[in-house]
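Read the structure below first, then the notes.
Labels A, B, C and D are assigned to the chains in the order they are written; within every chain, residues are numbered from 1.
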Amino acid sequence: MGVMRLGVVETRVMDLEESLRYYTQVVGLQLTGREGNRAYLKAWDEEDHHSVVLVESDRPGLEHMAFKVRFQDDLDKFEKSIEQYGIKVNRVSKGARMAEGQAIEFKLPTGHIMQLYNEIEKVGNGLKLNPDPWPDNLKGMAPPNLDHLLLTGDDIQSVTDFMTRVLDFHISEQVVSVDGEQLIGTFLFRTNSPHDIAFIKGPDSKLHHFAFHLDNWNEVLRAADLLTKNDIALDIGPTRHGLTRGTTVYFFDPSGNRNEVFSGGYVPCADFTPITWTEDQLGKAIFYLERQLNERFVTALT
Amino acid sequence: MGVMRLGVVETRVMDLEESLRYYTQVVGLQLTGREGNRAYLKAWDEEDHHSVVLVESDRPGLEHMAFKVRFQDDLDKFEKSIEQYGIKVNRVSKGARMAEGQAIEFKLPTGHIMQLYNEIEKVGNGLKLNPDPWPDNLKGMAPPNLDHLLLTGDDIQSVTDFMTRVLDFHISEQVVSVDGEQLIGTFLFRTNSPHDIAFIKGPDSKLHHFAFHLDNWNEVLRAADLLTKNDIALDIGPTRHGLTRGTTVYFFDPSGNRNEVFSGGYVPCADFTPITWTEDQLGKAIFYLERQLNERFVTALT
Amino acid sequence: MGVMRLGVVETRVMDLEESLRYYTQVVGLQLTGREGNRAYLKAWDEEDHHSVVLVESDRPGLEHMAFKVRFQDDLDKFEKSIEQYGIKVNRVSKGARMAEGQAIEFKLPTGHIMQLYNEIEKVGNGLKLNPDPWPDNLKGMAPPNLDHLLLTGDDIQSVTDFMTRVLDFHISEQVVSVDGEQLIGTFLFRTNSPHDIAFIKGPDSKLHHFAFHLDNWNEVLRAADLLTKNDIALDIGPTRHGLTRGTTVYFFDPSGNRNEVFSGGYVPCADFTPITWTEDQLGKAIFYLERQLNERFVTALT
Amino acid sequence: MGVMRLGVVETRVMDLEESLRYYTQVVGLQLTGREGNRAYLKAWDEEDHHSVVLVESDRPGLEHMAFKVRFQDDLDKFEKSIEQYGIKVNRVSKGARMAEGQAIEFKLPTGHIMQLYNEIEKVGNGLKLNPDPWPDNLKGMAPPNLDHLLLTGDDIQSVTDFMTRVLDFHISEQVVSVDGEQLIGTFLFRTNSPHDIAFIKGPDSKLHHFAFHLDNWNEVLRAADLLTKNDIALDIGPTRHGLTRGTTVYFFDPSGNRNEVFSGGYVPCADFTPITWTEDQLGKAIFYLERQLNERFVTALT
C-alpha cells in the first residue's frame, strides 16, 4: 500500500489559451481534455489521462496537488490516519474533474491542498507492444513525465512530520540552521528519486515550482534554448543543484508560475541516510555552481 | 514493508587477486573488506558495506543474490509467505558474511539462491553534510551503484508468479511467444527503474549478467573505452536495449561472468502497464540497434 | 589559396524517389533542386546550394566528389600543378550541374573522379542575423554538414603523394604494415578535423562511405535509433574509431552506399604529427571498442 | 602559408605558485618548464612545448599572445606586409622564452602585443602509435587544447581590418550598432572554429578572457563542478553563447584573469558568410540563455 508518486498538479493560470500554447508548444505536453475553465495535459510517457491541470483564474498558483496511491483501499486507510493525526479530510467525488475517480482531500500544515487518489482513466503512451524507445512527433522540451514540486510554508517541521509519519515519505535532504535547531527545508521522496515533493521556509500556501523530468544534461540545454527561441522568461540555469545533485533550468509560465526541467540525481531507497545542508551553505545547496541565491528564488512565488 | 532493492550479488571468481584488480581498477568499485576466500566491494555512492561479494571458486557464476527489505520484521513475514507458497526457507545467521546481519535464504523456481536481509553495516558514501555532487579520486567506470541482474531458467512463468505474488515485484516488460502462449522472459522491478531483476528462458541456475548503473550515455562510452584501454573482453555495445530503453555495454570479468553498465530507461511505478515483446522481435528487444542477438547472448552464461 | 573542404559528393542511387525519402526523412537533408535524373541536397547548416547530389543509375557508387577551393584563380593554379604531376585535367563547364560554376576534373591514382570548384550558388542557412543556435523543423538525423569520405584503392602511396604534394592535404593518420614498409591507409585533412578524405587499400574506384557531421555522442545514439525506427540497415555502431577518435554509426542508403554519422575527434593543424597504426592493430584502429573488423567493412563497397 | 592557430598566451599572474596550483590542478594543464619568473604549460593533447606561459608580475593581464604560422618563411613575409601596413615589427630572438624559436612581434591597433612564430620545441602528446583516444591520469578540467582569446579595444574597425587584410583572418561574426554604422565586436578565425581571436569595444590593451576547448556539454558541467569543488570564482555559466553557438563557463584565475572552457559551435571555412548581431541583441549574442550581460562582463578586464 501507499503513495506511489506525484500524479497531478493543478495550476491556476490567468489566460488559458496563452497557457495552453506554452504548455503544449514550449514545454511539449499533450492536451488530453478540456472542460469549462480547465485543460488537462499529460507528458508523453505518462499513461494516465493527465498530470497537469490548468484552471483559468484571476491569479496564478497551485490549486491542488494529488499523489496517486497504489490501491483504492489506501484511501480509506489514509483517511483514517490523516484524521487521527488531526487533519480534516474530505472526500472528492468521482468526476469532480475529468477522468478522475474518487479522491480524499486535506490541507497540509503549510496550507496547501493535497489529494490522494487511485482511480484515473488510462490513455496510455502508445509504447506497449514491441515499442520504439521514443515516439515520433514530440514537441518542445518533451519531458517524459512530471517529476516533483517545491512548496513554501512557515512550519517545515510540522509538514515534514506529517509527510513522513502519516504518508510515509522519506527524507532525502534537509536544510537546517547553523546551530542545527531549526528546519529550513526538507526534500521528501516516495519514488527512488531525490524528491517527489519538497518544502522550504516561506509564506504558507505558496508554490515555488513544479518540475518535469528530462533524460539528461543535453536535454536540459535544449530546453533552455527553447526558452530563448520562444521568448519565455528564464529564471536560472542551466545549472546544478547541490540538493539532489540534479541539473536544472527554472523558468516561468505565462502566469508567473515557476516551472523546472530536472535531470539526474541519485537513486534513494527508504534506508537512505538524509543529507544535511547548513543554512550558511544554502546558496550552494540550491545552486551548486553559482553558490548564491538569486533574489527571485525567495520572492517569485505563486 | 517489502523489498527495497537488489542489495548484494555474490559472484564466484576463479582468481581472486586478478578479479579484484578488475573490479577495483576497471569497474572502479571500492574494496571494503576481505576475509578468507571472499572480498567485499561497494560502488562509490552506496552506503552499505558491500553490494558485490567475490568468492574464489573453481568455476564462475552466481553464488547468491540478496535483496534488502525495509524492516527487520519483513524477514518473518516473507519467511511465512514463502513457505506458504511451498518454497523452503533457511535462516542465515548474522555474521555468515562480513558486515551482514541475519537473512532468510531460499531457492527460486529457476534454481537460483536468493536471500532477503535488512541488516548490514553502513559505511557511508562520505556525502552527507553539505556535499559535493561527486567525490574525488574515482577510478575506472566508477558506477554509483549496483543496478540489476539477469538470470536464466526453464520455467519463467513460475518464477515470475513467485516474484510478483510473494515478493510483490511488478512486471515492466515481458517477452512472449508469437502466439502469446509462452512466457520467454520477464523484467521485474521494485524500485522505480525498468528492472531490478529479470529472467529469460535458458538453463536453470545460470547467471546472464549483473549490471551497474551509470549516469548517462557519455559515461557508457567512457566505460567502453576503459574496456579497450584495459584489454577487457567486450561482449556488445555501446548500444540500446529495446527492453527498458536503457543504454548499455556488456563485457566479461576475468572469470567470464558477464557484467553490464546500464544507463537510462523510464521510471515505472506499481501501476505501470507491462510492455510486451513478441519472440519474433527478440533481437530488437534485446539489442534495439543491431536488431539481432549475437550468439554469445544465449551461450555465455555462468 | 587552396582547398577549403569537401564540398560535394555525387552518389549513384538506383531508385531516386526511394533515395530521396531516405536522404530527406531519415538523414534529414534538405532538397534544394531537381533536374533530370539528379536531385540536389544540402545539410541544414550549409550555405551552398548542395553538398550531396543523387544521380539515378543502374548501380550504386561514387560518381564524383568535389572539393571547394578558396579562389576562382585556384582552379588555374591547380590545373597547372596537377597536369605537371602527370594527371590529365578537364574543365567542367558552368551549369553542368545545377547551381555550380566552372570546375576542373581529374582522376586520382585510385581511379576516383575528383573535381575542384569555387563557384556555387549560395542559398544560405537562414541564420545570419541575430540567429538562434539551431533552426526549427529539423528532420531525421539532421546533420549540420557533410564531413568526409573514405575511398578504396590499390596504390595508397601514390594517391597520398598526390593529395599531399599537389593538393597540400596533411596526413593525420596512417596505417602501415607491421614492418612499416607498406602504406595501407591514409587519413588526410585540409580543415581542422581529423579527416576530410581517407584512402584504404582495396579495389580501385570504390566508395567505402561518406559521412555527415553530428555535434555529439547523444546525437549519434539518436541517429542510430532513427535507423531502427525507419528500418534502415545498420552496418555497425554506435562505436568509437581508433583512427580519428571519432564516434560513429555506419549504415546503408537504399542502394547500398555506406553512410556515416561522425562526431568528435581532435583538432589538427598543418604541423600535426601523423598518428601511425600498424596493421596488426587494424581492428582497434577502425573500431576501437570492438577491436576487430566486421566482414562487411572490407566487402561492402560501392 | 599563413597563420595556423593561436599558439601561446602569456599571462601575468601575481602569485606564481598559487597560479600553478590552479592551472595544473583545477584547469589541468601540464607543467612543461620553469625558468625565472615564468612557468610553461601545455594542454594534454597539444604537441608543442607550451601554449600557456605564466609570468609573475604585480598585476594580471595579457603579456602577449602568439599565433603559430605554417612556415618559417612566413615570418619574413608577414614582417614585410605588417610593416607595409604601417605597424612596426620587432624580431624576438630564439630563446627569449623557453623552447621557442625566433618570432616577430608587433602591436595591434588595440594595443595588444602579438607575436607570430613557427619554431617551438615539440614535446608530443604520447598518442602517436596505435594510440588510445585519451590518456590516463588526466587532472581537473583537462582541456585537450587552447582555443581562443577575446580582447577589448577602442577601434574595432581598425584591428579587424588589420587582422583580415594582413593576417588573412576571416570574420565569423560581428556585432554592429543598430544603425549598422559602428562595429562593436568582431570574431575572427583561421582554424575551422568559430573564433581563434575576437575583439569587443572596450579599453585598449585589455584581456577579456582566454579559453580552452572541451569536447562536449557534459565536460562543461564537469568543469563547472570543479570550480565549486575547488572554490574558484565562477563568472557565469554553464550557458550558451549566441555568438559562435558555443557552450561555456567563464571563471577567474587567482589573479583575476578570466578563463573560459568552450565547447561546440559550427565549422566555418573562408567562404563563411559572417553572422551579424545588432547591438540591441547584445545580451542574447553574448549569453543566449540569460539574454543579458552581467555587469562583470564589461568591467572585469585584466
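Everything below uses one rule, namely that a contact is a pair of C-beta atoms (placed from the backbone, for glycine too) under 8 Å apart; a residue touches a chain by one contact, two chains touch by 3 or more.
Computed from a predicted model, the values in this text were never measured in an experiment.
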{"item": "Labels of chains that are neighbours to chain A and to chain B", "value": "C, D"}
{"item": "Selected pair, greater C-beta contact count between A-D and B-D", "value": "A-D"}
{"item": "Farthest chain (mean CA position) relative to chain A", "value": "C"}
{"item": "Listed pair (A-C, B-C or C-D) duplicating the A-B contact set, over half by residue number", "value": "C-D"}
{"item": "Angle (degrees, nearest 5) of the CA superposition of chain A onto chain C", "value": "180"}
{"item": "Chain B-chain D separation of Cα centroids, rounded to whole Å", "value": "48"}
{"item": "Distance between chain centroids, defined by C-alpha means - chain C, chain D (Å)", "value": "31"}
{"item": "Where chain A and chain D are represented by their mean Cα positions, the distance between them in whole Å", "value": "43"}
{"item": "In chain C, residues with contacts to at least two other chains", "value": "132-134, 216-218, 225, 228, 240, 284, 288"}
{"item": "Chain D-facing residues of chain B, complex", "value": "132-134, 136, 216, 218, 225, 228-229"}
{"item": "Contact footprint of chain A on chain D as seen in their complex", "value": "217-218, 221, 224-225, 227-228, 234, 237-240, 247, 284, 288-291"}
{"item": "Chain C to chain D touching residues, read off their complex", "value": "4-5, 45, 47, 68, 70, 122, 124, 127-134, 144-145, 191-193, 213, 215-217, 240, 242, 245, 264, 266-267, 269-278, 281, 284-285, 288"}
